């Protein structure tokens, strides 16, 4: 039985709490949050204790921590947890500063317990099925990847201001998806972005619509499209063209009902947002962490993976800003 | 070059005229219609002569006739055309009277030129692909057939009154489809029907919504659903369950555009009615007749097929009327 | 907090145990099974006690029982549970004997706690969305219902022999679905069946493929297709044609990945069987029972509903056997 | 009746010949081709005369010419046809040299008869439906366009060498599609390309896989993906994200049949190549030219449109070559 402390009782912490408590091999024993009522409420729901982060890390009976705190605390908490000998599952991104993230990677070199980054989409049944099919050569050699990733609605501008920008905050998921599916990192990154949805996002120095093109050493190409707004819901699709065919993962819909009338044939929208769409992914992600902690399975998303996605976000940010292709080697 | 006379210049005659005139190996040389202006207008469009049916049948330069006249003239015209040594493609049904149709079959026994009945749906690219896949054993042994066939809107009651009823007028297509796909005729037929769309249809002694279940000697089952009204268009689908899988032919849509908004994901409706949906089928049907006439290919839909579909319609009409299963052997 | 005893620790009992234990407002406190190790293992998993059915019914601290025992014990246990003042959620069917089921209904008249029958499919998000849309008039007046319900593979013949037959064991779900969607019971039932998949099923006096047509007092028609085998998985679909359109609930697929190659475009199969397909339905079913027990909400599937579905199965069995349409009034 | 001369009797000339001859308001009177047997054969099929291009242009009884000759003759023939007072429908591209195309545009300024460029995809029922829906504001304000355009198989390298390269030869269709759908031209173009399918294409100085990102003055973004090979057929899709939703035009499939087996659910491939996929588009294109010639309707694809698409191809070629974003203003 894995005894787990949860650092952060916000929205994403709550998602993880369900899975930690619901798994037959793990137990949620403590919850911390700088906002005390949040920790208290979540702890009560699962019969866990309310503690500070420091208390959780100091508790020798706790085997692992799930870090779901604000981004600027991730690196410090990862380092502290490793120093305390605990396994770590940390939400993305590792940090907004690539330098800090790289320092965290260096500081945790030699960690004896798993460190895993929460790129949940790798665990989505659709994307993981696509990845397996590609890895098994079902479409021959991969050549051209296309990732479509639209949020249902833009976040508040106050969030945007501290988010690190679309490339680090939102597209970082898609950079990791590209790394997952292409099984390599690109050599060049070219980005364009626009604040076309909400001028206030532009005024805050960010974009809300962006396209990134990446090239690989062997000539492969990947393209990522992001929009902060899709009126019809959370649009999460992937297409991979190979020498022998195309693999495509389509959206999951709210239901399978269609209505045919004079107005046409209407079906359900995509699952609204990440809580619904990636519910099974979060369960599978936790299972993978359990496997790594209890069975010594390899960590499917390493801290290095987290740092690499951040480096790609950094390159894209720079490319969109200066208007030229940026080599990843300029960044890493 | 096949020289063709067209008997009947109404809606369905016009459909055939395009294909006769447009085929590289056939020529539309004469058109007849009891309504003279219709014949004149259609003949002018294709540079054909206006003649009476008698004149067409008496013209030794004409190789074949396409019979697209009112149903109650079909049997007489088939017999006369055969007597005149002409090939025949006759619209369905052969007759409303099974006895008359059987007499026509007997009278034309020994015909030296092809006689073909216009069950156009056998030539639909979708249904014919399904039939081929089934015949090639792609789903193992067929077990359960389901035919969905809904018209966009009910015909006028005046038409209904002379139509022979839904089973002879509309479902006769689906009986032939069942014979085509199951490659056998059923032993029993059980029908229910209702005038739920238009009470006037009920007052005229007919139904507008009906379900027929048929059983075969080897235990297979088929079910046909008919409705005179589908607000969204012409619904023409087939499903065949076999020991190793399911074959399904879905509707053809007006286009492939979808629109995703807050209201859901909306796609195009099915092609509106038979002219659009079965356009390619009419072309392929004419090609098959050309092949039979010019190359001695077997007739894909024989006069016997036309009589058998009519017998099944007769059985269904009786079953719906008396409320019990009717054996096809009671009818044929 | 609802304290629940589970009677029956077999496959379906285990499905319910997860939901009982996982719900914030219910607790699995005791498990019984005539096969002691099954009860012991399941109880251990959820920290519940192992007890006999009698002990559970006699325990005043237990508020409700979930009956997941063999069918021939259902009626007795329902009556005993009602006598003990407990709420009841009982798996389908109520009984294989319509007389016994009706006696149970009479005996429990005046029960003060909810009695609910486990027709789980009413709680499927797809079928319930379709039902709501129809009830709200989105396709006008319903006219023609079509239910497709195929199992992935036939059960062992030993199971078939004690199952009560396809109509009582399998199609009973679809009879209830028809009642749910048509919001009325039919007046006549006509059935055909065949043992085409497995001759041993025929030798046992049952069928494995069947079609039932039902008519309603207002002229509406429903058709149900059942097969014990669909090589591609669990095929569970519904279509309802109305005066203004068609509502259709399609299968849920294992994932959304498609592969396009020279061989065509291949997508995932339907969810394999009821545990996967109806996982959310079982959760929602339990929620509905909680609402009835704790909040006084109406019972969405009553014991009367269970008796009615059984009566329809009885009529279908008779119709298939004697080869004529059977009026429901002959049975009820 | 429009009397038409066809210049060029190759594959694409044959496509047009069918439509010219089949239209009630046009007549194919003469065919020219530098390869005499090709002209002879095609002319014989439609009862047209074989003539030289010069003879066709000099024939006062001919109203219009369709130019389907090799690209390097287009500009000269357009100019000569305009000088001869004939209407012109010319295949794409106008020229491989932007300078020559611009000179052609200047030289034909003041032409009194329609000059139309054959960007056939604008007339595809799917893309034109999408364009209308977007223009009518059905998804609010357009923001992000994505065009997927894959050929089934790469052309011979000998063709590639004289083609002008992927951007001028293949993607030029998609540049025009972007202009059609975005109803504006971009300000910047950024391209990457790779010879990943066939190294010989790379050795010939061209690419076979490419992605182009374009930005517009108002912040909108478009991305085009091209591949010379899609093992599953001709992949032609468009997606347009707007402030209120998404419009998507999907592939047209060979048929609507699906097969569900243990191996999954398999459907038909996309129509194989442009002759099948764009059959209706060529018919509609010819109708549009007829309307322009006979009814004075506006030319839906002007010579200016042809020149603009070529300029975009030029910009993309340069961008891919020098590795930076190119402003369209640098080119035009």
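Chains: A, B, C and D, in written order; residue numbering restarts at 1 for each.
Quick note on the criterion: a residue touches a chain if its C-beta (ideal position, glycine included) is under 8 Å from a C-beta of that chain, and two chains touch if they have at least 3 such contacts.
Quick caveat: nothing in here was measured; it's all calculated off a predicted structure.
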item	value
Chain pair showing more contacts of the two, A-B and B-C	B-C
Most distant chain from chain B, judged by the mean position of its C-alpha atoms	A
Where chain B and chain C are represented by their mean Cα positions, the distance between them in whole Å	41
Between chain A and chain B, centroid-to-centroid distance (C-alpha), Å	57
Two or more partner chains touched - positions in chain D	139, 230-232, 235, 244-246, 260-262, 268
Arrangement of touching chains [line / ring / star / complete / other]	complete
Contact set on chain A toward chain C in their complex	22, 24, 45, 125-126, 129-130, 133, 138-139, 244-252, 254-262, 268
Chain A - residues contacting chain B, complex	230-233, 235, 253, 260-270
In the complex, chain C residues that touch chain B	139-140, 143-144, 146, 148, 150, 188, 190, 192, 194-197, 209-211, 213, 215, 218-221, 223, 225, 227, 229-232, 235, 239, 241, 243-246, 323-325
